[in-house]
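Data first, discussion second: the structure below is written as C-alpha cells.
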Amino acid sequence: MPLHDLSYQRFEGGRTEQLARSLAIARMTTSLLLKRRSFLLLLCACWIPVIARAAQIYVARYVPQASEFVTVTARLWQEFLTQQVEYLPVLLVALYAGAGAISTDLSSGAFVAYLSKPISRFDYFLGKAIPVFLAILVVTLVPALALFGVYLSVANDFGVLETAPLLPLSVIAYSLWIGLYFTVFVLAISCLSRSGRVAGAGFVALALGSGIVLSGMMAALRLPSPPASLSMIGATIDSAHVFFGNVSSGDTPYLSIVAMTSLMLLSAFVLRRRLGSAEVAS
Amino acid sequence: MTLLRTHNLTVRYGNKEALTSLSLDIDAGVIGLLGPNGAGKSTLLKTLLGFLEPSRGSAEVLGLPIGKSGAALRQRLGYFPERPVFVPGLSSIETVALAGEIGGLARGDALARAHEVLWFAGLGEARYRLVEEFSTGMQQRTKLAMSLVHDPDFVLLDEPTSGLDPVGRRQMLDLVRQIGERGVSVLLSTHLLHDVESVCDSVVLLDKGKLALHGKLSELKQQPGWVYEIRVREDEPGTFRKALAESGLLIEEGRDGQLRITLEERPTRFLFELARASGAEIRHLRRFERSLEEQFLSAVDRDAPRDS
Amino acid sequence: MSVIALEAVSRWYGNVLGLSRVSLEFEPGVTALLGPNGAGKSTLLKLVTGLLRPSAGTVSVLGEAPFANPTIYARLGLVPEEEEFRARVSAVDWLEYLLRLHGFGEADAAARARKALSEVGLDSAAETRVTTFSRGMKQRLRIAQAVAHDPDILVFDEPLTGLDPVGRRDVIDSIRRWGSQGKTVLVSSHILHEVELMTREVVLMNAGKVMASGNIHEIRRLMEAHPHRILITTPDPKRLATRLIDQDGLHSISFSEERSQVELETQEPDRFYALLTELVLDDAATIHEISSPDDNLEAVFHYLVGK
Amino acid sequence: MSTSRLLLVAQWNFSQLLWSPRTLAMGVLAGTPVLIALVYRAAVLFEIAPKGTDFGVFATLTATVSFPFVAPMLSLFYASGVTSDDVEAGTMRYLLTRPIARSELLAGKMLGMLVMVLFLFLPPFVIGFYLIVAPSGWQEVGTRFPALLWDVLAGILGLFAYNGLFSLAGTVLKRPLLFGLFFVFGWQAGAAIVPGTARYLTITHYLSSLLPHGSFQGTLARLMGQPSSNTEAILALLAIGLGTHALAIWVFTQKEL
C-alpha cells in the first residue's frame, strides 16, 4: 500500500472559459442573497401587488356585475410595472441586492482577491450586476409574465393580445430597461463608498430625494407637476409610455428616456473610473 | 530560468515615484523581497499583477510582458494580499472554491482542489466556518489557499506571517518552503528578516524604489575571516570581556549582549584558558554569520525621510 | 503595592472564554506577554487599559479600577492592536488634539507633539494626513501618541506590527530605554527573538491562563521535563562522544562524523559545560563550536504551548 | 465636567465634520432652499411662475422640503455616526484612553455635531427667505420676520430632537441609518395619517405644530388630528432632545468599545 503524499500538489485539469468566471461570482452572490431570510421576505412582500392584479383579472372575467369598473386592458401591464417602481419594490430590491455589492468587496478585501485572478474588471462588474439585475426582474418581468398566464387561463380568448399583439414584447423590453437602469445606477453608487450603509443611504437619498426636492420646488413655484424626466422614479414611470406605445400620454417620455440614458452613461463612467483606479486595488 | 525581468521600470503612485528605473533579473526559486516602508515592495507586486501601470520601462514575468498579458499572466500568478480578505457570508471552503472558479477551474475541480489546498494550508474542520469570524492565523491560511487554488507558477506573498503566533508562523514558513519544492516560485515580501533567512534562496532589497541589494542568501551571509560569537557564564560580569580585550583580540558587542571576537583561525584552547582564568565558563561559541539585519541596515539609507 | 495587579480576573465574551482566573502583578521595567493567538493577551491588555471590564475578579492600576477612569489615563499610554486607523488630519494635529485632551495648553501640546513625532522618526511627515500614511508610519504614530504625554505606564499590543527592520530596531531600543527609565511597560508580541531583545521578563499565556511568568532562563531551568540540548562541533566527534558517554546525568548522546557534530541532552547543563572546559584544557580535546539550540524563548514557547 | 475640554472636543468634532467628504454631499442637500429660491426668482423674472405672494412660496418651501426632508436627513447622516465614525476610522480607542470622562467626550462630540447640522441648515434657510421675500419690499420682510424667527426656532429645536434621537440610535444600534430612514419615511409618515396617539411619538408632529404658517403634513394628516400648542410643542421637542442626548451619554459611559 503506497503512502499518500498530502503535500502541495500541482493541478492537471483543464481551464474554463472567461464567461464562466463571471458567472461563478454571480452564482455565489445570488446564493448568498437567497440564503438571507429577510431578502426572501422582501421578495414576497414585493409580490403582494401581483396578487391584487391577479384578483383584478379574475374578477373582470367571472364577476359580471363588476365588469363595468374592473376591466383588463393592455394598460394593466404597464400600470403594474410602473407601480412596482412607484411604490418602491424595485427600489428596495435594488437597494438590498445592490447597494452593498461592491462596497462590501472593497472593505472586505475581496475586490483585490477577485482582481488578482485571471478576470478583467468588466468580468467582475458582470458578476456583480447579474444578481441585482435578476433580483429586479423577479419583481417585474416574472410577475408580469405570470399575469399573462393568469389572464390566458381565465380568459376564453386572446382578447388583449389580439388588440395589442406586441404587449409581451413591451413588457419584456420595459422590464429589462428598468432592470438595467437601477442595476447600473445602484452599482455606481456602491463602488463609491467602502461602506454598504453609506452607499445604501446615498442611493435612497438620490432616488427619492430627486423627486421630493423637485416636487417641493414645483409646489413652491405653483407649477402643476414637475417634469418627470428630472426625478429618477418619475422618469422611470414616464419612460414606460415609449415601451407601451402610447407616446402621446405622460410628460415627455422621450425626454425621460434621454435622461435615464444619460444617468446610465454617467454611472458607467463612474464605475469604469472607480473600478479601474489603482487606489481601489490597494 | 528567468522568472522576472524588469527594465528601467518606473511606476508612479499618486504624484510620487514609487519605483524608479528598476532593472532586475531574477531566477526562479523562493525569493525574499525586502525593503523599508515605502521602498516600493507593494508597488512592485501590484505592478506585476497589472493593478498599476508603469509610466516607463517594461517588465516580463514568466516570459510574459506585464500590462499586455493581463488575464493570461494572472492565470499563472497567485497573490496573497497583505490585508485581510473575506467574502461576508462565505465559509473558508466556499471562498477558496470561488477563487478557484474565478481562476478558471470548473466547478467540481474547484471544489476538490479547494479542499486539497486547504488541507495543505493546515485548515482542518474549520474550513466549513465563516472566514470573517476567523482568527488571524486561520485567515492567513485561507488566503494562502486562495492564492494557490488555481495552480499558479509564481506566487506573490505580501507579509504572509504578519499577525501569526510563533507556531503559526513556523507552519506558514514550512508551507512556503514546500511550495518552493514543488517548482512554484515564490516572491516573499516581508519585514521579518528571520523569515527570509529561513526559507529563501535569494534576496532582493529595495530602497526608495531602487535596487539596493540582490544576491544569493548563502553568499550574503558569509562573513570573511574567523569571527565568532561567544557567551559565557561568569561570577563577576565583565571580567571575561576585559581579559579578552587585554589579550589584544578585536571585540564587538552585539545588541543581544553576545560578544563577537575576531580570531586568526578556528578557536583553540586559548579561549577556554582565558575563560577559566577569569572565572568564566563558555556557554556558547559559534562561527558568526552576518545577519540579514545588518546587511539590510547597511544597505539602506537609514536617515532618509520615509514619507509616502 | 504593585503598579498593576490582577486578582483572580476572568473575562468572558458570551460563551467564549477570554481570560480565566488570572492573578498577576506588574512592576516597573519591561514585561513581555507571550502566547498563541487567542491566549488572552489582548483581553488582558484591554482590561488593564480599562477598555473592558472584568467578568469576575479585580483589576487595579495604581490602586484604582481602570475602566473608563480618567485618573488612570493621565498616566497611561496605549498602543492598541493594529486596526483601521484613518484620522483625516495631519499627524501633528492629531497628536496636538490628544495632548490637549490631557490638559496641556496649546503651545505645550504643540511642542510635545513635535517632540513625540521626532522620537519615532516622523518629523518630516508631521504635516501629512494620516490617511495617506503607510502601515509602518501609522504604527510609528500609534507609538508617538502613547508616549507623547510621558506616561508612567506603557501598554503595547504588538508594537512592531507593520514596521520595517529599521523601525523595529528603533522601537525595540526605545522600549528598552523606557523600561530602564522606570516606566512599567507591558508588551505583547509574537516575534520571540525580538522579545528577547527587549526583556528577559515574560508572562507566557495559553487558553486564557498564565502558564509561566518570570525570567526566561529561570523558566527554562524549571522545565525539567525538557532536557537541555547542547550541540558541539569538533573535528573528532567520535572521540568526544566516547569521552562523554560514561557521565551521569546524560539523557542521550549522538554524533555525526559527516557534520562533525556531537549532540547531547542532559538535565544538568551546568555540569556538562564545566566538563567541556575540562576536556579541552586537561584532555586536549578540540572544540570549534558550542551552542544550545533550545535555551531561548522560542524553545520555551514551543515546549509550553506544546506544538 | 470641565467646560474647556468639552468645548475642545466640540470644536474638534465640528472641524472634523466640516472638512469631511460627507459635508460635500450634505452641503448640496442643505443648499436646496437657496437653489429653489434662485429657480423661483428666475421663474418670476421670465414670468413662468404664476402669481402669488412671495411669502407663500417660502412657506411652501419650508413645508415641503426644508422641514420634512432636509432637516431629518442632515441630522440622520451626521448624528447616527456620532460614535461609529470614530469606531470605524479606528480613532475611538485613542480618545477613550485620554483623561477625559466619557460623558464629557460624548457631550462634546454631540455639541459639535449639533453646531455642524445647524451650520448647514440655518444659513441656506435664511438666505432662501431673503431671496424669496426681499424683492417684495422691506416692509414685507419686516412683517414676515417674526415668522422667520419662529421657523429658525423650530429648526433649532427640531434638529436638537432629531440629533438626540439619531445619536442614541447610533450609539445603541448596529444599523442606525436603516432605523433612521424607517423612522423618517415610514413611521413619521404613517403615524401622521392614522387617527390616535401615534402622532405624539413623532418629531414631525411637534415640529409642524410650531411652524407659524401651518402644518407641513398633508391634508389627510390635518384631518386626523389637531396640532399641539406652541408651548407643548416646544416642551416636547426639548424633552425629546434632552432625553435622547442624556440616554446616549449614559449608554456610552457603560459601553465597552
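Going by the order they are written in, the chains are A, B, C and D; count residues from 1 in each one.
Here is the rule we use: a contact is a pair of C-beta atoms (placed from the backbone, for glycine too) under 8 Å apart; a residue touches a chain by one contact, two chains touch by 3 or more.
Please read all numbers here as calculations on a predicted model, not as lab measurements.
S.K.: Using direct touches as single steps, what is the fewest number of steps from chain A over to chain C?
M.R.: 2
S.K.: So what's the Cα centroid distance for chain C and chain D, whole Å?
M.R.: 51
S.K.: Quick one: chain A and chain D, Cα centre-to-centre, how many Å?
M.R.: 33
S.K.: Centroid of chain B to centroid of chain D, CA atoms only: how many Å?
M.R.: That pair's centroid distance is 54 Å.
S.K.: Centre to centre, by mean C-alpha position, how many angstrom separate chain A and chain B?
M.R.: Each chain reduced to its C-alpha mean, chain A and chain B end up 47 Å apart.
S.K.: When you check chain A against every other chain, which residues touch at least two of them?
M.R.: Residues of chain A never touch two or more of the other chains.
S.K.: Using the touch definition from the top, which residues of chain B touch two or more other chains?
M.R.: none
S.K.: Which positions in chain D are in touch with at least two other chains?
M.R.: 88
S.K.: Go through the chains and record each pair that touches.
M.R.: Chains touch in the following pairs: A-B, A-D, B-C, C-D.
S.K.: Could you pull out which chain B residues touch chain C in their complex?
M.R.: 34-39, 82, 135-137, 162-169, 191-194, 233, 255-256, 266-269, 272-273, 275-276, 281-287, 293, 296-297, 300, 302, 305-308
S.K.: Which of the residues in chain A end up touching chain B in this complex?
M.R.: So the residues of chain A touching chain B come out as 6-11, 13-16, 18, 20-21, 24-25, 28, 32, 35, 104-105, 108-110, 112-120, 278, 281-282.
S.K.: Show me the residue ranges of chain B that touch chain A in the complex, using the header's touch definition.
M.R.: Touch list, chain B to chain A: 13, 42, 46, 49, 51-53, 70-72, 74-75, 77-79, 81, 83-90, 94, 98-99, 101-107, 109-110, 113, 116-117, 119-120, 132, 143, 146-148, 150-151, 175, 178-179, 182-184.
S.K.: Sort out for me which residues of chain D touch chain C in the complex.
M.R.: Of all residues in chain D, those touching chain C are 5, 8-9, 12, 16, 19-20, 88-91, 93-102, 253, 256-257.
S.K.: Within their complex, state which residues of chain C touch chain B.
M.R.: Going by the criterion above, the answer is residues 35-39, 82, 121, 123-125, 128, 132-137, 158, 161-169, 190-193, 196-197, 273-274, 276-277, 280-281, 284, 286-292, 298, 301-302, 305, 307.
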